[in-house]
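As written, the chain order gives the labels A, B and C, with residue 1 at the start of each chain.
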Amino acid sequence: MKKSLIALAILAAAGSASAQSSVTLFGIVDATLAYGRASGTGNASRWQLTNSGYNSSRIGFRGVEDLGGGMAAEFWLEAGLANDDGQGAATNTNNTATGAGAAVAGRQGLTFNRRSTVALKGGWGELRLGRDYSPQFWNLAVFDPFGYNGVGTTALQTGITGVTQVRASNSIGYFLPANLRGFYGQVAFYMGEQLNNAVAGGIRTDSDGDGIGVRVGYASGPFNVAVALSRTEYGAGDVKQNNIGGQWDFGVARLMGHAAWDKNGNIDGRGWLIGALVPMGPGEIRVSYSAYRTEVAGPDPRVRKIALGYVHNLSKRTALYTTYAHARNSNGNAVVLNGALLGVGGSRNSSGLDLGIRHSF
Amino acid sequence: MKKSLIALAILAAAGSASAQSSVTLFGIVDATLAYGRASGTGNASRWQLTNSGYNSSRIGFRGVEDLGGGMAAEFWLEAGLANDDGQGAATNTNNTATGAGAAVAGRQGLTFNRRSTVALKGGWGELRLGRDYSPQFWNLAVFDPFGYNGVGTTALQTGITGVTQVRASNSIGYFLPANLRGFYGQVAFYMGEQLNNAVAGGIRTDSDGDGIGVRVGYASGPFNVAVALSRTEYGAGDVKQNNIGGQWDFGVARLMGHAAWDKNGNIDGRGWLIGALVPMGPGEIRVSYSAYRTEVAGPDPRVRKIALGYVHNLSKRTALYTTYAHARNSNGNAVVLNGALLGVGGSRNSSGLDLGIRHSF
Amino acid sequence: MKKSLIALAILAAAGSASAQSSVTLFGIVDATLAYGRASGTGNASRWQLTNSGYNSSRIGFRGVEDLGGGMAAEFWLEAGLANDDGQGAATNTNNTATGAGAAVAGRQGLTFNRRSTVALKGGWGELRLGRDYSPQFWNLAVFDPFGYNGVGTTALQTGITGVTQVRASNSIGYFLPANLRGFYGQVAFYMGEQLNNAVAGGIRTDSDGDGIGVRVGYASGPFNVAVALSRTEYGAGDVKQNNIGGQWDFGVARLMGHAAWDKNGNIDGRGWLIGALVPMGPGEIRVSYSAYRTEVAGPDPRVRKIALGYVHNLSKRTALYTTYAHARNSNGNAVVLNGALLGVGGSRNSSGLDLGIRHSF
């Protein structure tokens, strides 16, 4: 997602011993004309000009300083961007519900919610501090033909995995070095920053928002597979997000899939996806089928989703795209696509269409 | 307003086929010492160090990618800036009153409220998506010697034209190509993004914030004229903002004027301005007389305003300026300048003085 | 604090007569693993991944335009940054309590709260407009081995000096030119921007937030000394912040100290610090002892603090650091370090440890 960066030419820093340092300004502006509709009594459809239908809109600054001896320091500041109206995006300060306040329309300024890190790198790997993706996020995006964006992604079918599903603040991450014969991995400890005697409603909350995630994988030629396990602690019940994913690139198509087993307190969730990316001249066709099931007393709420899309690359940086998706809920599940309103009763289906342009810099 | 940009030297994007791409960091920092006073019992004056007395303070990022075949992709992200205290500026998410929440002092972060667009350009013109100026805005700024800024502008004499008076979010704009023998034009459709069954207080609001604006003009040598028409839909009453403006550059002076006919529900507004820009060595004198009248039952509230100013250019990027303006209200109108407080009764006049520096980069 | 900047290579501005202009993107990302504990019944400790333990995290844009004839125009926009979670920092609009609203967790966008100025410079000195450091701030940071950051600084031992303690908005500052044989100085007038008849609770508040600060100093070889006086007006009682500081660089160590005498309405405060910076190979040891006393009826609340730290420079831009500090309160004083919770009764001590990395660009 961050391949097409523009590197700004940098003069040597005054007095700096390093000749290989750089600062990069980068970003994506992705505008999406989106339509969503849903079934049921009192249902409603909606047209929107929204954003991030193919890749997440963002603006960021990053840089590397060569420290010599194979060591480097790196910073990465990346802000989410709602380019349909110009707002930024909020972050979360402590990996719990209290770390994210209520929105005020039109007033959300830029925060480096997507990533805000400083790191030391060497032959031993990388130590990275700040707000970063959680290890348990990656398989859901890398092994979904629609990534984590737009009407096609399976990722938003459930919220069971909570506020650290994608990113965590106050994170201390370690990454294995490259060149381990295809093996890769990372682990992150993230902190809720509670007082050590914190209690709420008679429940100890001193570990709320503390967590650990680990991801290990192996990639070789056309093959790539990874597994991730995580636990975020809450007095009211820990959240566990676990998944495995993989892909095989056959040339004519890249097949991929993932399976997820999550736990929110004593509620379990199970999901899976199969999909493919099929190159077509300067573009590619994207297709997936996915499902998610929440295990409760009585019939399990469940959603099944099919998505089909096409991306047309005008250049490496600029693409036109369209995606259609249809979601079918059962047993009270309430997934709804592209801002439609699900009515009462009936088949509880929702479908949506994205049509957009993604430009990166 | 965006002529004096600094282009950052860009290295070729890794893997990019384009050799003519660029990213530009640009902005304006305009600081204004402003004084305002007003008449009436209980009136009050105020001194402020404020901003944007000559040009609107801003910081932005924009870039163009050459796609080949006469095509280009462009992004433009531009944030408003209150450089007297460091705050950013809010935006509006859906072109209605619900799209802009209440301010919290000192906490407004940067949003790309001024412009946040991605566009495709070619010999056929330009298709632009995001938050942008509304077509009905331009005549009021281009054909006012004081633009849309500071104590001298006529623009703020009335709020009849509502939240899309200057900009609209969720906009899909089309611009005619250049080189049409002096003809130019643009049209914008902007979306309120309401649910298709939205109702409030028994009134259908499913189109609230949807709108269209169109502007066409002709410029040749010293001559420039343009007309703009618009309608923004609201269940409580549509807002229509229409205006025509023109200028003739006689060399010793550039004369300009505009006339406006607006409608807010069933209330009409009528305004006009005549003014001139007179070059004086490295600077220019600015002068205007303008009026605005709201048509209601009984005597029409009305304001007449005279403004006189001087801009002294220290360079193309840096200028010193001063502006004096006096506004006379009648029939209950309440225009007040530079943060003064209009008292009760009396002649209901207000006057203000700006003294400032504008630096662009 | 702003020495290691990266200068972006700039193309000549289109049409600009100046060949020596530049725009610089700069910043600091400082991540801190911080532990704090405190004494008393009900006390609590806290671990955090926080920021700015050595230098304040920030991102900024600044530039200089050569106007010819020894004159230059300069802008400086600098935003505070909480890189542990990605948030920005709030500012204050009018130098009073009403200029800073309540925080909403996770939603604080970037503001140029640290500095937001435009300036003209010449042989006569510099005139600077906007939000800037207050003159009365500098001695407390320059003459403290821990600057104004982290668990070691003495600066946060008291809040007596109010909202203009560090910075003021709406400021008009004048700086003496360099090369005055070692003498330097600045004066700032800052404005509260109140209506001239403002009253609250029967007290005139029309000058609330207005203020003046002045600082003069002399530096020569190893010697540096400066004194600062200030007054910020409030109807409820003016705030006066005054201090003197100095240092002598003996080569093997740089000794420094400051004394402060402040007044908040009719409450006086007295503080002092002695400390040293001791070079150690590629790093330096930092040590200080400081005290602050508030003069009230009865025994004076008082805090004494000792701090010891080490900074290890990996390069001019990147450093690892650690600091330990211990504060002892008496007579009801309540200084607490690194987010711990001071309990009831007991010795009312608090201690904290910082461990971090500072990377500048």
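Here is the rule we use: a contact is a pair of C-beta atoms (placed from the backbone, for glycine too) under 8 Å apart; a residue touches a chain by one contact, two chains touch by 3 or more.
Given the structure is predicted, the values throughout are model-derived calculations rather than measurements.
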item: Minimal step count in the chain contact network, chain A to chain C; value: 1
item: Classification of the chain B:chain C interface as same or different, half of numbers criterion; value: different
item: Fitted rotation between chain A and its twin chain B in degrees, CA, nearest 5; value: 120
item: Separation of chain B from chain C, taking each centre as the mean of its C-alpha atoms, in whole Å; value: 37
item: Set of chain A residues in contact with two or more other chains; value: 8-9, 25, 88, 103-104, 108-111
item: Complex contacts: residues of chain C adjacent to chain A; value: 3-9, 25, 27, 29-31, 33, 42, 44-50, 59, 81-88, 103-111, 314-318, 339-341, 357, 359, 361
item: Footprint of chain A on chain B - complex, ascending; value: 8-11, 13-18, 21, 23, 25, 61, 63, 65, 67-68, 71, 73-75, 77, 79, 88, 90-94, 98-104, 108-118, 120, 129-131, 169-172, 190-191, 193-198
